[in-house]
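Pasting the structures here.
Here come two complexes built around subunit A, the first alongside subunit B, the second alongside subunit C.
Moving on, here comes the complex of A and B:
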C-alpha cells in the first residue's frame, strides 16, 4: 500500500487563513491528551501552561524577553524562505553574533564609553552576517545545499563558544567556571519599562518585523524577493539576480540573528557562558512558518512560542513534569502547522497497488 | 435528449449542461457535447472561450460546478487525473506539467502505475515514439529540451496509457509544419484504431484537414457545431469571433532608418549539454524593419533570445549592439534602459509569474525602464500600486485582454489572453527595439492578427522589430526581411518578397557551406 498526496484543484482560501489557528487548537488538544496520559489533570495543566503566564506582570516580561529573539530571527528567516533560500543555521548565527558583540565588553573591558553598547550591537550584527556569509558563499559559488551547510555550522559555533568561555575568554575571577567576566553596566541593554526585566531587544524585534513587513509589502526589494522565490527564470527576465538574492537574504537573516544573540547576552544574561540559547534559532523556524512567513504574523507567532517556553517552566514547577514538555509542545505545533497546510493543499489517497509479477502471473 | 446531429450509435463521451464558475464568472456555461467513438472532434473558440476549462473538467483537473459527464452512457464523476486515466482518457496540456530536473523516461514513469522499471518505460516510450513518429531520447533531461520536444513527451505519455479518448489542447501551436504533419499521421492512426480525439486548435486549416466534427465555444457557451470540411477558415473564424477577422496590412512602405539592433559574430557556447551553441550569428535590424527568423524549434532560437535580451550576457561587448551602442556584456535591465523590449516564448515562469496579479507582472518587466512612473521614494523603491494598476488596465484594454476580475493572477488568464498582455506590456512603452520569441503561440485568429498588426505598426512608427517564429504564415504576414536559423547558425537576411516557402525550406537545409564560405571570405 502506498499513500499519495494529490493536489486539490481549488484549495480553500478560508482554511489557509485559519490553518495556524487550527494548528494551535490541535496542539492544545494533543497537549491535553499528553497531560492526561501522564496522570495530570489536563484542564488545570493547560491552564497553567497557557493562561496563568498571561495573568501576572513578571511572566509577561518573561514572554517579551523570550519573544524578542524569536521574532527577530523569525522575521529574518521569513525573507530567506520567501526568496527560496533555506537558512536553517540561525542558531549558529545567533551564537556568533553574541560572540562578536561580546568582544567589546570582554576583551576591551577597561574601555568605558556610551559607545560601548551601540558598538556591541553593530558587531553582533556583523558577526551573525559574516557567519551566514559562509553558506551564502558556498551556495552562490559552489552550488552547495545551504540547508546542510548552515545546519552543520551551528555545531561549530556551539563548540567554538564552549571553547572560548572555557579557554581564552574565561573570567579570571569565576573560580574556574566556564563563563566570561560580567559585562560592565554600560554594556547592558536597558530595560524597556520600569515594571520588569523586558529589555530593548523586544523593541528591536518589533521594529525589525514591522520594517520587513513594509519592505515586503511596498517596495521593489520585497517584490524582487517574492519573484525570485517563485521563479528564478522570471526573476532573471525582470533583471533580478538570484545570486545576489542569496547574499542579501542570508546576510540579512544572519545579521538579525546576530542582533538577537548580542541582545540576549547583553540584556538577559550579562556575560557569555557555554549555553546562551534554549534553541531560539531552531524555534524561530517554527515561528516563521506559524506566522505564514509574514513579519506581522511572526510577531504574533513569536509571542505565542515565547508563551510555550514560559508556560513550560510554569508547569515544570507546579506539576513537576519534565522540562522537555516545552519542546514537545513546540514540536506538536510545527507538526500540526505543516500538516494543516499540507492537507489544505493536497488530499490523501491510499493506493493499494498490485504486487509486481507474482500476482500478475497468478491472475491469468 | 439525444443530440440530433450525432451520427447514430452511442457516444463515447457525452457532456450535459456542464458549468464551471470562477467566483461569479462562468468560464463554461451549460455546455453540451458528444464525442463519438473513432472521431476526431475539434473544439474551437477564441482566447478565453473556456476550451481549456472544459477539457480540464473532463480530465479531472477542475471540478465542475454543475452538470453531468457520461462515459459510454454511464454518468461518471472524475475527481482526479488518475481517475480520468483509469476510465481511458488521456490528455496533453496546453501548458506542460513536466519536472525539468528529471529525464524524459522519469517524467513518463511518474504518471504510470508504480512497479514498472525505468528501463521498461524507456523502451516502451521509444517504441511508441518511433511508431507514431515522435522522436524522443528517453535519457535527455527535460530542462534541456525545446518546447516542441517537451510536447512530444506529453503526447507519448498520454499514448502509453492506451487511452480511448485523447484530449490535445493546442498541440500544434509549438510544432513545425513537418512535425505537425507527423502528428496528424499519428492522429489518423489512432482514429483507425477506433480511438477518439478531442482536438483544440486555433489553426483552422488543420482543423479542416483532420477533424470530422467541430464544436464552437464563445464566452463559455456552445454557439455552434459544424462539419469543418464544409466550411472555410474565414467562416470558421467568423463563427468563433462573431465578426470578420481583420487581415494584417504589411509593413511594405516603411522608410528604413538607422540600424537599431545588431549582432556581430555572436557566438555562445552551449550552456548545458543539450543546449544549442550559437555560431557566428550576424544580423542587422533597421528602424522600420521587421526581421523574422524562421526555423525548426530547438535550433538555437531560445539561446539567441537569451543572448539578445541580455538574460545571459556575452563577454564580447561588441557582439550585440542596441541603437549603435555596444551591449553584449550588459544585462537585461541595461538593455531595456537603452530602449529595447523583450517578449520570451514561455509565458508561465519566464515572461510572467503565474501566482502574481497582472499588475505585478507589469512591474516584472518594467521596474527599471519606468522607474520614474512606477516607483517612488528614491532608493527605497516604493511601488506605486495605484499607478501600476492604471497602466495595467490600459494595457488590458488596448490589447482586449479578457479576464475574470480587475487584476487577477496571471496564471488564471487563458493562454492567449496572457500572451496578449505580455506583448501589450512591451508595446505600451513604444520600445525602439522589440525582440519577440513566438509572438502568437496559442493565440486565436482574431488576437493573433491584432498582435501581428501591432508589431507591424511598431515598425512603421520607426522601431526595429525582431520576430522569432516557426509559423511561416505569421512570418510572411509581418516580415520585411527573413533569415533562417538552423543548428545555431543564422542565414543571411533576404527581403521578404524575394522569398517563398520553398526557398526558406532550402535555407533550412543547405546553408552551412555558404555561411562558412562567407566567414572565410570575411577574414
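Moving on, here comes the complex of A and C:
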C-alpha cells in the first residue's frame, strides 16, 4: 500500500483563504490536548497563552516589541521569496545592520547631535544591504546557491559581532565584560506612546509592510517580481532582468533586516553585546510563510508569533510548565499551516495496487 | 475605545490586586534562569537553592521561575513580568541580566531585586556573589599534588574578571606546592555548550595535561576526562555522577542558605540593598567530598579549607608576581576585593595570553 498526493484540479479558493485560520484552530486544539496530557487545565492554559497577553496594555507593548523585527524582516523576505530568491541569511543582515548603525554611538560617542539617530538608521540599512549584496553578487555573477551562501554568512556575522564586543569595541568601564559602551540618550529609538516600551521600530515595521504591499499591488515593480518569481523565461520575454531582480530583492530584504537590527539594538538593548537576537532572522522565515508572502498577512503573522512568545512566558509562570511549550506551539503552527496548504492543493490517495502499475505522478 | 478602557481598567486592577494579594497570602519569591534548571551545573545549583528555600518556608511563600531566558531584550520583559505578577523579591541569576534588572528595578521601586555576579546595584537592587576563587585555590593545591607532569588544563568561558581570578587562584594554589606548575587555558567563549567544552577538554589532554578543571557549566569535560583516564574537578554542582573515578572534588554553589536569609529579611521587612560577596565560611560555597586521592592530599585540602574558612588563609597572599614579571603582592600582603573584582591580568605561571 502506498500513499499518494494527487494534485486537485480545482483547489478551493475559499479554503486557501481560510487555511491559516484552520491551521490556527488545529494548533489550539492540539495544544489543548498537549496541556491536558501533561496534567494542566487546557482552558486556563490556553487562556493565559492566547488571551491574557491581549488584555494588558503592558503585554500589548511587549508583543509589539517582539513583532517589530519579525514583521520588518518577514516583509523584506516575502519580496525575495516571491521573486524566487531564497535569502536565508536575514539573521546575519540583522546583525550587520546593528553593527553598522552602532558605529555612530560607539565610535563617535563624543558627538552629540539630533542627527545621530537618523544616521544610525541609515547606516543600519546600508550595513544590512551590503551584507546581503555578498550572496546577491555570488548568485548574479557566479551562479552560486544563495541559500547556502546567505546562511553561512550568518555565522560569520555572529562571530564578527562577538569579536567586536570582546575586542576593539569593548566598553572601557565594564570590567572586561563583552559589551560596548551604553548608547547616549540621543542614540536611543524613542518610545511610540508613553504607556509602555514599544518603540518606533514597530512603526517602521508597519510602514514598511504597507509600503511593500502597495508596491506589490499597484506598481510595475510588483508585477515584475511576481512574473520573474513564477517563470524566469516569461519574465525575460517581458523584458525583465532576473539578474537585476536578484540585486533588487536581496538588497531590499537586507536593508530591512539591517533596519530591524539597528532598531532592536537602539530601541530595546541600548548597546551591542555578543547576542542581540534570539533568532529573529530565522523566525521571520516562518512569519513570511505564515503570512502567505503577503506583506499585510505578515503583519498579522508577526503579531501572532510574538503572541506565542509572550504567551509562552505567561504560561510558564502561571502553570509552571517548561519553556519548551512555546517552541512546540510554533512548531505545531508551522506544521498545520504547511499541511493545510498541501491538502488544499493536493488530495491524499491510498493506492493498494502492486508496484509497477501506474506509478506516474507518484508522491511529490 | 471601549477595548482600551477595558484593558486599562484590567491592568490597573491586576496591579492593585497583585499588591494586595502579596500582602494577604503567600509571598512570591521569583527566579530568572539563563539556562535549563536541569543543566547539571550553574542553573541547577540555583534551582536547588530555590527548592531549599521553598521547603524552608513551606506554605508561606511561592517560588515561580522562568528558565532559558536569553541575556538580551527578552530578559527585560521576563523580569518586568515577574515584577508585575506581584513578586516581592526577584533573583536574577546570570551576569547578563544586570542592565535589565537595573532598568526594571527603577520602574518598580517597591519590588526588591537581587542580581547574581554583577557590579551595578540600586536602592532596591542588591548583588550577591560567591568567592569561587577560594575553592579554586584548594583545587590548585590538589592538582599540584596529583599531577605527574605538573601541567593542568583549564577550560575557561569568557575573559571576565571572575574567570581570570579563578585561573590565578588555581595557579597560585598549585605553585605554593610546586613552583614550576603550569596551567594551559582554552577559552570556550560559552558558559554552556557540551560539544565545545568536550572539544576543549580533548585538545587540552592531547597537549599533555593530566588534570582538568573547568569554568563552564556542563559535565562534558568531566566525561572526557573519565574516558581518557585522567582526573578532573567539577564546577558549580557536584559532578561525581559524571566521573565516579575521575572527580577529585568540585566547587559546589550552595545558594540555598543565602536565599533563605534574604527571603527572611523580606518577610521581616528588614531587607536592604547590599553587595554581598560570601565564601566558604558563609556556606554559599562548599567543596564536594575529596575523592580519588591519597589520604595525605585529602588532609592537605581539608586543612587549607579549614584555614580559609577561619580567615587564617587568604588565597591571594603575596609574594605574587604578575605574568609580565612585575610585582603584584609583596610578601605577606593580601589582595583587596576591588583588585580581584576588576582583575584583568594573569599571575606568573599561566601558559596563555589573556585575550584583549
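Just so it is clear, the second predicted complex is superposed on the first by the 346 of 364 C-alpha atoms of A that agree within 3 Å, B and C clash if a C-alpha of one lies under 4 Å from a C-alpha of the other, contacts with A are read in each partner's own complex, and residues count from 1 in each chain.
Going forward, contacts are C-beta pairs under 8 Å (C-beta built on N, C-alpha and C of every residue); 3 or more make two chains touch, one makes a residue touch a chain.
In this text the structure is predicted, and so the values were computed from the model without any measurement.
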item	value
Subunit A as common anchor, with subunit B and subunit C clashing or fitting	fit
Touched partner set for A:239, first subunit B, second subunit C, both or neither	first
Touched partner set for A:231, first subunit B, second subunit C, both or neither	first
First (subunit B), second (subunit C), both or neither touched by A:264	second
Subunit B, subunit C and vertex subunit A (Cα centres) - angle in steps of 10°	150
Touching partner for A:314 - first (subunit B), second (subunit C), both, neither	second
Dominant toucher of subunit A (residue count), subunit B or subunit C	C
Partner chain in contact with A:223 - subunit B first, subunit C second, else both or neither	first
Minimum C-alpha spacing, chains overlaid - subunit B and subunit C, in Å	36
Interface residues, subunit C side, partner subunit A - complex	4, 6-8, 10-11, 14, 64-68, 70-74, 76-78, 80-82, 84-85, 95-96, 99, 119, 158-161, 164, 189, 341-342, 344, 355-356
Residue ranges of subunit B touching subunit A (in the complex, touch as defined)	61-63, 80, 82, 113-115, 309, 311, 331-333, 336, 342, 344, 346, 349-353, 355-356, 360, 363-365, 367-368, 375, 377, 380-383
Residues of subunit A touching subunit B in the complex	2, 6, 9-10, 218-221, 223, 226-227, 230-231, 233-234, 236-239, 349, 353-354, 356
Sites on subunit A touched by subunit C in the complex	55-58, 60, 62, 65, 162, 166-167, 175-178, 182, 197, 264, 268-271, 273, 275-278, 309-310, 313-314, 316-317, 320, 322-323
